[in-house]
């Protein structure tokens, strides 16, 4: 009779030094856990930082997840590891923010229903009512929070309240055309993913397709990144490009670009949900 | 018995209006020329600019090229066309400028010998002696013109003299790490192609790979463009990208990027040599 | 006051010979039509086939479309052209066939609603009831026609009847996992587009992802093609590929491949709807 | 004072079971080796095969490489590991086989001189004299061994003799247009890399570009693979593709394809030289 196994992911960061892999892998072996996948990265093997992601399988019937976690925290404290341990079976709680354009929203919802994105989606928030019907057809509550210059603070407070109420762990800005305040951003550190419709750092800010047309580029891009206080300056998670030519008007670029925006954002979100991302030094390590 | 046919290319720009294609194609038909390929582009069909590239075949024994050209100039004057007509069999005269790194130089020379680039290469000019042996192995004269801040003007004058002496029509900066003066640039308008080792307009200026590393991009790029007085702001001809990840150091990016620099530059040069490029409004139309 | 202009597309095939472009462009000029875009292709300029696609604008108030068409038919008869002339404003009538997997269906429907596919969709036909709700949410009638070995002929007859009844001009097999009979195929020549989930001609037939896994390929592909009687042997319209590695199981390939299936199929359908495709010699010319 | 560190790579295959990573990493830690990079792959975590590549740094002054290797062999015997341990500083000895077309040869030689391929190249063997000059310009001996149907066995014997004499560990078929005998192939198991000019398994055998033209594909490909007795059926190492269209003649495809042949082959050779490849079940694991 096959014993069902659970999967978990362990992410560790520390100063690089000999013995880290031996320490951690021995710990897991001693807890009867089998390493299914592992990846590591050193900024500089001599004195730099060390990052590791391990996916392991173990028998929950024998050892509770909390028990392994508790035991690891003792090792981590002793060894000065920064770490996270996540059960693969637990779905993260994700909110989507959208304005009028729905291509990124539709992509995420479609992939979510198809099982390609492993998450709970307790709500979608929008500053426009346009996508209410589509969202509700997926059985997801839709909250329309109009946002103007005058009421921006109230709107954000209301959003934060909703996000806290639903225990949201990840916020995806799926073409949400509003700039979030430093307060909002700092409330969800490394928990907000945005899609910018250009190949950053080219064409930062508003109207990147118009700027791309103006400059006469031969490829357009899209960039999924974590949001920080500096507009479009957060850690890049994924980028994609598409070949264009002199015939593309700004409107053509906008339509053509939807495809790469959708793909880049969905990939970035998937990696976050699978605990494949570590941020260090305003850059991402994608395991 | 098959009559051998010659090929030529005709490039025309004018205000868009009905009848241009009919006019030009009738002209060619009347001169017993067969349109082999044609491409056109209108910035805006109602009142914008019209651009056309036609490749035609004709029997030189019956009609001299100069005769067709002369006849077309009459039509063009009457219709206010801007135009060029080039015999496909005539090789353009191309000079290559290089500094120390030879990957772009090697690519061009290799493709040239393989018949992939249809040109004469009367000389290579460099501010370093490093690539002399490689160039001369191809039977091409190599001129070492050291260039320092102090002698830059003399160095450029010497280069211009050599270029004029050899009737150079196209200058390719194959990783030539010197900024050319406005005088030099204006001496060869739309005749200088540079390869910039980034996805312009990202990472303009020096050390783009170091900047790309710093920003943590997930794709690096290369851009071939015509040189104008504004550094890295000239009309883009071709761009290419390559996927990278957090493991790539600046040195790794530099090596990986060679591949796309080589490809983008060789493509741009080939298009120029085949009369496939028209510059308008600081952008290129690639036919 | 701006006079509104209509657009139309003219596709012409004939033996290559001098004067064809002059003839056609003069015809259009004489009917006060302005050539907005034109593209041509010769299999061999000396004695091969000539193909052309012209997009032109004209004032319908002055000249009816039927009038231009009638006039052109006189020229075409005299010159032995094969041709089609289509008004750009007229939406083609398209049916979608689907089985259980809905990723291609969803993509087409989403792009259709977003205005990226210019067509009428009077019906969707499926051998399974699964996608009924999604299709009807778009306001499109959904017909469930179960198809077994025993009733295949009746099922096809019923489908053909529905297609005729709705004057369908294009049938898209969006992952329709049934082989159509020669009778069905010959009823809609060059009007059926299929997506095959491999890089044809690799992995013809059933289970291409399992075969790709077995062979250990490093890229998987998708191919959109016109359907002919030879399974997976029809004229290829578009292909796309995606990088994979040894970690991908057959199930992973199946999921990853959805993305390129969606993109390749949607592009092929779009080109067909825009009259950009000519089939010659079991290959497509994509203008 | 910085102590210089040496690097080595360890490749291990075994039945998957808990504790393998712990075992190996503890072994390395006990020998004062620091794991710089590690990657692993399990065909199936429950009872499948386990593969691992570790790059480690250690101080040769303290512990000789042979000592670590000897110690590991004891562990490996006890644990039934299949394994290899290679010093990163040791250059593998590589021979190149070429016929007339030199684009793959030139690419390898260029990258070798640029330091992008870490190997010794003691000789190039060809069945044609054409590339003698180019090879010798790199200071590499060139052996012309004509190969006809009549003398194929003698030619191969002579080649094998030369390869043994020069202690060759890797043979790269850089567009060598001869089929090697089973005897030859079995003399160098998993030591022969070939570039096939198609996207395998499409267009197996001779003239793939002519077949690609005939089929009307929209992408052409190139495949680098280990050579086995079944023509073009060996484990695939790397593949690349390039977009083409109806305008490409067979000759155009042949020229365009050079670029992806060069890139795919050079990448595959580089991975082999860096001990990044494990063959299992006629597929490659690329670490």
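Order of writing sets the chain letters: A, B, C and D. Residues in each chain are counted from 1.
By definition in this document, a contact is a pair of C-beta atoms (placed from the backbone, for glycine too) under 8 Å apart; a residue touches a chain by one contact, two chains touch by 3 or more.
Each chain and its UniProt protein: A, B, C, D = Formyltetrahydrofolate deformylase.
Quick caveat, the model's predicted, so the values are computed rather than measured.
Counted by C-beta pairs in contact, the busier of A-B and B-D is A-B.
Comparing mean CA positions across the assembly, the chain most remote from chain A is B.
Chain centres here are Cα means. That of chain B falls 37 Å from that of chain D.
If you average the Cα atoms of chain A and of chain B, the two centres end up 42 Å apart. Within chain B, contacts with two or more other chains are made by residues 41.
Taken together, the touching pairs cover every possible pairing of the chains. Residues of chain D touching chain A in their complex: 2, 5, 16-22, 25-26, 28-29, 32-42, 45-46, 57. Against chain B, in their complex, chain D makes its touches with residues 103, 106, 110, 114, 116, 137, 255, 258-259, 263.
Residue ranges of chain B in contact with chain A, taken from their complex: 41, 199-203, 215-219, 221, 235-241, 245-247, 281-286.
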